[in-house]
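These are the structures in question, set out in turn.
In the two complexes that follow, chain A is the common piece, with chain B as its partner first and chain C second.
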Partner chain A sequence: MSTTFLPCGTYHQNYSQDHAWWQTRFIKAKMALLFLILFGLIPWQADSYWLSVCNQIGYTVLGALGVQLLIGFCGQVTLGHAAFIAVGAYTSTLLILEFPWPAVLLEWGLAYPVSILIAAVIAGFWSVLFGLPSAKVKGFYLILTTMAAQFITVDFIISQYISQIGGRGQAFSLPPGTIKIGPWVVDSDLKVYLLMLVLVIISIIGVVNLLRSRVGRAWVAIRDNDISAEVMGINVVKYKLYAFFVAGFIGGLAGAFWISNLAAISPEHFQWFWSLWLVGVILIGGVGSIHGAIFGSVFMVVVMELLQLAIMPLADSFPKLLMDFLFIKEAVFGLAICAFMIFEPNGLAYRWWQMKNYFNLWPFSY
Partner chain B sequence: MELFLMAITTGVMVGGIYALVALGWVLIYKCSGVLNLAMGEMTLIGAYVSLSFYSMGVPFLLSLLISLVIGFVLGILTERIFLDKLIGEPVLTVIMVTVGLSFFFKGTVEFIWGTDTRVFAPAVFSIEPIKLGPIVVGRVYLWSFVAAIVLLFIFMGFFKYTRWGLAMQATADDEMAALSIGVSARFVYAAAWAIAFMAAGVGGTLLGNINGLNISVGYLGLLVLPAVVLGGLNSVPGAIVGGILIGILQNLCGTYLDRYFPGGVKEIAPFAFMAIFLLFKPYGLWGWERIERV
Partner chain C sequence: MSEPHERRIGDILLELKDVSMRFGKVRALEGVNLTIRKGEIHSVIGPNGAGKTVMMNVVSGLYRPQRGEIYYKGQKINHLRPYERAGIGIARTFQKVEVFGGMTVLDNIRLGRHIHLKSGIVGGAFYLGRTAREEIEHRTFIEEEIIDFLEIEQLRHKPVGMLPYGLQKRVELGRALALEPELLILDEPLAGLNLEETEDMARFIIDINEERRWRVTCLLVEHDMGVVMDLSDRVFVLNFGNMIMDGTPAEVQNSPEVIKAYLGEEELYATRG
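Showing the complex of A and B:
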């Protein structure tokens, strides 16, 4: 997706204006409004149910961001991203539960933040490990190796070995009060929401800035044509592995964040379904744009919640509907992907881009 | 030694079923260039249809036949409704449509038939094992293998001697040339999906006879992916050899490695093997090597 056009009569006089994130006063006002809603309105007005929906959106955004980076910007299709989220979640959980933290860190409430960072780094390296085949294969074959990553990591290593550590059985549960950032214990939906916002904003800023650096341009070059990229002197393997690292890093962040919301961490949360779900989210949102990851997440989570709300009244007469809601959800998700691919292959972000350009160029749309 | 021979025989026999499903996969890929990730769910549908008819009291062969017919219709419908509009779209788009289809099929199957394991009752094949010299083989495995091999030969004959089969071969070989001598490509695509659906249905029914039928049979359908990668994506003999090799590999790992890595070695081994194999020979044993130009 190309850049948005500036409104009529807006000119830049120096490079710093040209490189600015928010280039016009209108955009600045819009973003201020967005932040006001995110930090001022939603936390204090929404009830616990909608806050948990927002948290789910945030988690999906974090996951989808990594997938978007790999598929949308570097052209490396991955169907195993849930594995890296799982690595993040389990690393962070195990660090909190099993690691002998120095008393100072515990007292200052640094155990969880530090474990998030370590988890993200480990997930990043795990992702690089399974990104190594991308040096040799691409396209469909790479899809298969990422699938192998999913099955090996989640269904084998985590289910069979990691889950046995400490003899807790299949699910790890975190005792209340262990997830603590500084003096604040993350125990309510509101606190999870605020943590989520901070993480999402940091990662989006990080990714967007990466994308407009040398690294990001190399990724886009590899996506567009990897042979030409190599001819132009880009070390293709190196940058592909960077992409895998960053995607895994964000995936690890997502996983480590999500344990604050989960009562019990078990491999069921990180099945292959979730990997495919994330890819579906960015396809619906729009491949190759950060907006796409966000729009797709909001759309999918909200549509699924609405579907559930719509089915609730029918539940009295057809109890099977509610019981099997998970399956309806799956089927609807599948149909939604098919419909978007057939009728709107550019995704929601493309419509958004068109709309913005329409208003920016109005009344002279040429 | 006996253990080894047993593992190999069972492997070959289960591998025959994989080969059947893999054949359907390769057929779709060769004819229409679609990399199909919905194969597992296609096996599920066929298996559940034949199971439903069988538990209603229809004889086994007849219920298998009904599931073939339904598979045929579903295959054509799937191609016409979803895949037909995507000819010429980028690969990722098509792959993701098949992923969407797999979700749709899976959700529908779970909604209609539930997630509990069901068995073919009364058992189609008696549980008494057959002795082939020192090797003991379950009757189910043997019959599944025979059925798979018979069907493989029927498919081979279909491709070699019938008009439709030749048309499909021609399209797979060179679509433009086939079009210019009057082969309808749309017909061939639809036929490829129909046949793949039927093959998957038979494979699913046979697999369901071995261990009972639940959603995880769909996962066994995913095992065709290692099989086709091993054989080369666009090679029919490769698919058959690949399927059998994956069956053997799975059973050998289950027999020998399970002691050291308890748990799901059997399920994971084909994928781990595939990931390593891809590093050395990405085009498989008999696949075409593509030379890329800018």
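Showing the complex of A and C:
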């Protein structure tokens, strides 16, 4: 969490300026431009394909944000985050499909938004349940207990029991028109995109705010040195569970959001590999940085899409490439992580930080 | 710094009664009794492996003794967890610096304010009203009382892991002070410091103990006999888990037992340098 240097000649007069997010006019303009692109340019210029790529990125960001919080900020290595995303997705779906909503709520289109919130809270508590071992174990042992979360939740409870509700077999399908917020039916890539943006922005604001207040500092302290954190008056177990709750909460949001993009959800969407993928995303983006979760998600999703685009024309002459695309994707994923671990272990976020500092200090970098 | 020296030694602040701590068959502490009064600098000395750090860990709650009682302000605190002991005013530094290397100096010290801050998970997520206000209030405290006192203004936004050892120790002291403790355990605050840093640190300890702003009782573990004898009101000597004696510096220096166990026959206890 090293801070970026301020541009030459910028001085703060009071502490609230130093605590602010966007401290100079230049940064404010930059962020305004970013929002303009996100809300003004992409939705109206991008075609449906690229919008769906953006949605994929947003989904990955939401997932990676929780993983980043646990691994990057609280030091609790997790390899079962897909379980909490699954809990969110299934809770939301089941609430929409099975819950006897009062007619008023249905009419006002509140079923989906309310279910998102409930799904996030339930996923949060589910995550706390599997975070309990963190009171006693750390490191490699914790990785195993979080993997247990994955297998117990998705492969056992969801596959064997939840999926059987209503006798539908493996997948739940959501009839068109059930995903609506107020009068606004989320039925196109554009609408999913806007929903995604709102959720991603809210989550990022929440996490960044937490990180600059008491709770977030306690998390980072636990990551850096849990013994002295405890001596400094932090209830380590409680704050670890807080971290699991918030991570699960955002995971639940991710899951509940993603059903708007899927016609049908099945346990296959939340396999263990997805948990691993999210960890890979933050390794590439940079551990211990919010930028890292975002950059990593953009990088991974875009690289995979480009890979697919590159393979398409070759598929005519080598049809096997297309068949084996899944394996190619996994190989590239592994390769990308290896390359980043060797050449830039601090991830993309670190490069970004260096770049900002370079320009902020230019021309007097000493 | 130039405040009048009116040191008042007050009531009993901390009391260890017959404390024993064992690891398997190793007897790290055997029936140790220690009484610390408010306002004192009370040193603990002894050869390596005597159990000094174990004793500090017992006081700060990282270890639970098998036998004996610990009283703080007359309350038995054996059952309190380390973070609860921080909450009632016991802070400490470590022999090997245990700072939060990835956080900035400012965040390290802010973390010391943890027990004085109130915002929770929801308040923190929105960062409105009380949370934002209290961050500013405590920032003011940190800047004016701690960063200024320890003279680390230019370092506040540097990650602590990148600082030299002596400054890390200073940050660690600042972090402990941010708790506004009543009892500060200093576990070898001078170890590994050069002469100038030693002098600064000794000055800080005296200021913390004497200045009206702080008036912190110190429990000091140190090997530098010159500093120990100059600073301390009382010295406690430990050898292989057993208490040899507890007395004023002059008494300790003249005790044949202590000389045999630790100080040595010759005049070796001069300050380094």
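The rule we apply is simple: the second predicted complex is superposed on the first by the 365 of 366 C-alpha atoms of A that agree within 3 Å, B and C clash if a C-alpha of one lies under 4 Å from a C-alpha of the other, contacts with A are read in each partner's own complex, and residues count from 1 in each chain.
Here, contacts are C-beta pairs under 8 Å (C-beta built on N, C-alpha and C of every residue); 3 or more make two chains touch, one makes a residue touch a chain.
Here the structure is a predicted model, which is why all the values come from computation and not from measurement.
Superimposing the complexes on chain A yields a three-chain arrangement in which chain B and chain C fit side by side. Contacts of A:F151 after superposition on the shared chain: chain B is touched, whereas chain C is not. When the two complexes are overlaid on their common chain A, residue A:P100 makes contact with neither chain B nor chain C.
Of the two partner chains placed by the overlay, neither chain B nor chain C lies in contact with A:P313. When both complexes are overlaid on chain A, the residue A:P176 reaches neither chain B nor chain C.
Between the C-alpha centres of chain B and chain C, as seen from that of chain A in the superposed arrangement, lies an angle of 80 degrees, given as a multiple of 10.
Using the contact criterion defined above for the overlaid structures, shared-chain residue A:P363 touches neither chain B nor chain C, since it reaches no partner. In the superposed model, more residues of chain A are touched by B than by the other of chain B and chain C. Shared-chain residue A:D224: touches chain C; no touch with chain B. Once chain A of one complex is fitted onto chain A of the other, the partner contacts of A:I143 are limited to chain B, with no touch recorded for chain C.
Between chain B and chain C, the smallest C-alpha to C-alpha distance in the superposed model amounts to 6 Å. In the three-chain superposition model, chain A touches both chain B and chain C at residues 225, 227-228, 231.
By the touch rule above, chain A contacts chain C in their complex via residues 1-3, 15-16, 18-19, 205-207, 209-210, 212-218, 220-221, 223-225, 227-236, 242, 245-246, 288.
Across the complex, chain A is touched by residues 60-62, 81-83, 86-87, 91-92, 94, 98-104, 107, 110-112, 114-115, 117-121, 123-127, 131-132, 135-136, 139-140, 143, 157-159, 175-176, 179 of chain C. Listed in rising order, the residues of chain A touching chain B in the complex are 71, 77, 79, 130, 133, 136-137, 139-141, 143-145, 147-149, 151-152, 155-156, 159-161, 225, 227-228, 231, 276, 279-280, 283, 287, 324, 326-338, 341-342, 345. The touching residues of chain B, counted against chain A in their complex, run 35, 82, 85-86, 89, 91-93, 95-97, 99-108, 110-111, 225-226, 229, 233, 261-265, 267-268, 271-272, 274-275, 278-279, 282, 292-294.
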